[in-house]
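After this come two complexes, each holding chain A, first together with chain B and then together with chain C.
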Partner chain A sequence: MSEKWLRVAVVTAMILLVEALCRIDVIPRMVMIAPSDMVVELGKLLASGQFSADIQITFTNIAISTVLSVLLGFAAGVIIYSLPSLRDAIEPLLASYYAVPTFVFYPIFITLFGVGSASIIAIAVLLAVVSMITATLNGLDRIPRVLRKTGQIYRMSRVKTALLIELPAAMPYLFTGVKLAVAYSFIGVIASEFILSGAGVGYAIAYAYNLFENGHMYALMLLVLIVVTVVNTLLNIVDRRLQARRQR
Partner chain B sequence: MSAAASGAKIVPLAPQVAAAEAHARLRGVTRVFELPKSTLHALGPIDLDLAKGEFFSVVGPSGCGKSTLLDILAGLSEPQAGTAEFEGKPIRGVPDGVGVVFQEDASFPWLNVRDNVAFGLRRAGMDPAEITRRVDYAVGFMGLKDFAGSYPAQLSGGMRQRVCIARTLVLQPRLILLDEPFGALDQQTRLLMGDELLRLWRETSATVLLITHALDEAAMLSDRVGVMSTRPGTFIDFVETGWERDRDSRVVSTPHFGDITARLWEKLRIEALKIMSAGKA
Partner chain C sequence: MPRSAGTLLVLLALIVLWQGLHLLVGASSLASPVQTVTKLAALLATGEFWLNVSETMRAFVAAFAISLAGGITLGIVLGVRKLAGNVAEPILTTLYSIPKVVLYPLVLLCFGLGISAKIAFGVMHGLIPITLFSMNAIRQMKPVYRRTSQVMRLSPSQNAFTVIMPAILPEIISGVRLGFSLTLLGVLIGEMFASQRGLGFMLTSAINIGQIDTIMAIALLLTVFAVTCNTLMMRFDRRLTHR
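Here is the complex of A and B:
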């Protein structure tokens, strides 16, 4: 508990420090506006509804990317798991996957899907899906053999064993994949909007940056930060519950 | 309680049980594993009759095929040669009326104790009121009443094994197979769990086959102990303990217990030495 309060204290102190530095003009207004002003600007921005369409499109794309990555990653993971020789062949590729800067492929996606949500989702899924594949393989690997044997003892069918034993047994590991898929979808979507979009929060931030509209820019950054924090807090609550049951 | 006092002797090679009484029967059972470059003769040929209601233990050196023997009786594995029967019917797949407790913790970490214990009954589609009745009984019997809502991660290793035993008990098996169920527990817990097991055996009048590497456990719990040889495992000795049915872990303080353990070790020592000299242990 004291650890938690210390964390809150550290974050609060940092914010207050930045606030003070902005107020006494050590950090010029051209560079950064004070955190309190960011909150005010965000309030105004949300009330005006000026960026509602951008916000909606961004978070919709993130949600779609997450769902696609989780479903495709899980399906691919199960298939790879069931084909051991294929797995042996491609596992090194999966392991080094994140060494590849996925964003270099953005011209290909523009050619394939054009400028817009489709290419953004494609990049985000490409970024996120492998973490879900890896988590699925890890989860399936870690199902204790004795639990499958127990399924046999109860004379359960293959499908029932998968649904009632293997899936819940692998769930804490699968959820790690879900968390990563959410994080990569955020990164993939917002970063793609900077470079290959005419809409969305990432685009709006880049646009505000180009026009020196620091108020809008920092308000939108704050919005992204708040949403990421809330989403991660929720995911962590679920994760802690799952992990607590795994401790052996 | 004390069998020594009642004048029981160690009976060496026990006669085979009369055909009509055999609850489970193995004849010439052999198991060979095909490895990529060779074949491994793991077990047999084995002949074994388990009398109805008997508590039978198997001791043997590590790797002698004890678990393979259990897998065959449980219908998890099929012998290449010989026949395995339970209640007069050949074993094909897991037979109805057979319960298994494994050495590893097989409790489901995502279910609380009650739901773990109820799992098999729910799969069998039993009436919910009957499930509640049986689960309450088994949870109480195994001393888990105060932990009914706990998850396995919150329990000790011994408690989790109780959950697994309770989960098997609720199905009211007529043959209970236990594969080193207390192997991961400390000595004191093992003795106490042995008492629980004896209580359960008396209560259910099930036939019990216990696989163990602990000679004291086998000597204390069993009506009869089978000693297995090194691979390929076959029975080299059967020892009748002559304990009364109403017994508990206190028999370990009797001289008769020492005699049984000594006899088991005398046979097993030779087998264990073979493994050691072959550099496998």
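Here is the complex of A and C:
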């Protein structure tokens, strides 16, 4: 417990340090506004509703791309798992997949789908889907053999085995994939909006940067950081529960 | 090697798919594999292209070197100091999972447009994974190694080079592999958003003038480069673990 408080103290000290440096103008206002001002700006911005359309687009896209990646990744994982020869062929490619800087394909999607949600979701799914495939394969691999044998003894049908035995047994690993898919969807959507798009939080940050609107820019940055941290914390809580179940 | 034959077959299928898609949507939206390779060869023959490659490479090498040195040092310190490690780990994992691209304007305001901003942004991507992996490598080192070296009364330097280094190297290499790809990604995103030179800049300026073959040639080059480096590191890793 003391570690937790120490951590809170460290983070608070860092924020206070930045706040102090901003207040005594060691960090000029042109570079960064004080953290307390960021919170004030964020409050004003949310109250005015100026960016609510952008915020809505971004989080809708993130949700769509997460759902798509999880479903597609799970389906692809199951198919690859059931075809061992395909799996042998594909595994080396999966291993080096994340070495590829996926964003270099974003321009290609733009020429294919145009600037807009379609190309943004496409790049986010491309980024997120493989972690779900890997997690699915990993989860299916680690179903203890005794569970399937038990299913056979009870003469369960294939569907029942899948739903009542295989899915729950693989769940903790699948959830790791879901967690990664969420993280990659966030990165994929916001980074694409940032590089080239006409709407969304990433776009709004880039736009504010170009206009030197530091108030808006830092408020939006803070918004993204808060949302990501909250989502991650929630996912980690669920994850810890599932992992505890695995160890039982 | 039937295994790699299968992989080749899958790659071949991907190229066929690419060609099919090209025929479906037309040459103005998607260049064919042959066009892409020809364009890449043409680009590689020009001096200007190499200027951009060397700009990206300079930023990448500098960022990777800083991430490597900083990440391993930080990771070892946090791994040895238990309390510091326990306090820092959740902070680091949170930092690792935020989309760092939203912080790029901050980096630009601190470092100005130019190579140092790209390097800083690359380091932001690469430093944390290398730190986390190195820290866990130290923590998960079997206690028997430490005790054995105590029993054999090894000097600190002997202990470092003959016991600790070999024990944690495989884990560190996994971190370095991840750090490598993320640093490259960071440098490229930095160049795509705001830069006057480099491969990322070439990509965004190619979108604006609609040169799909240039985009695909650069994407192909970067993919081949990244996959080759990753494969080499994996080979090295496998050789270490099967020693």
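Just so we're on the same page, the second predicted complex is superposed on the first by the 247 of 248 C-alpha atoms of A that agree within 3 Å, B and C clash if a C-alpha of one lies under 4 Å from a C-alpha of the other, contacts with A are read in each partner's own complex, and residues count from 1 in each chain.
Note that in this section contacts are C-beta pairs under 8 Å (C-beta built on N, C-alpha and C of every residue); 3 or more make two chains touch, one makes a residue touch a chain.
No experiment lies behind these values; they were computed from the predicted model shown.
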TODO: Consider chain A as the common anchor and indicate whether chain B and chain C clash or fit when overlaid.
DONE: fit
TODO: Check whether A:Ser157 is in contact with chain B, with chain C, with both or with neither, and answer first, second, both or neither.
DONE: neither
Open item on the list: Tell me which touches more residues of chain A here: chain C or chain B.
Closed with: C
TODO: Look at A:Ser48 in the shared chain and tell me whether it touches chain B only, chain C only, both, or neither; answer first, second, both or neither.
DONE: neither
Task: Contacts of A:Ala169 with chain B and chain C, given as first, second, both or neither - done: first
- [ ] Using the touch definition from the top, say if A:Leu196 reaches chain B (first), chain C (second), both or neither.
- [x] second
TODO: Using only C-alpha atoms, work out how near chain B sits to chain C after the chain A superposition, in angstrom.
DONE: 16
- [ ] Flag every residue of chain A that touches chain B in the complex, lowest number first.
- [x] 144-147, 149-150, 152-156, 160, 164-165, 168-169, 171, 244-248
Open item on the list: Residue numbers of chain A touching chain C in their complex, please.
Closed with: 3, 6-7, 10-11, 30-32, 85-86, 88-90, 92-93, 95-96, 98-108, 110-112, 183, 186-187, 190-191, 194-196, 201-202, 205-206, 208-209, 217, 220-221, 224-225, 228-229, 232
Task: Of chain B, residues touching chain A in the complex - done: 74, 76, 93-94, 98-100, 102, 104-106, 108-110, 119-120, 123, 151-153
Task: chain A partner contacts - residues on chain C that touch it in the complex - done: 3-4, 6-7, 9-11, 25, 28-30, 83, 86-87, 90-91, 94, 97-99, 101-106, 108-110, 177-178, 180-181, 184-185, 188-189, 192-193, 200, 203-204, 206-207, 210, 212, 215-216, 218-219, 222-223, 226-227, 229-231, 234
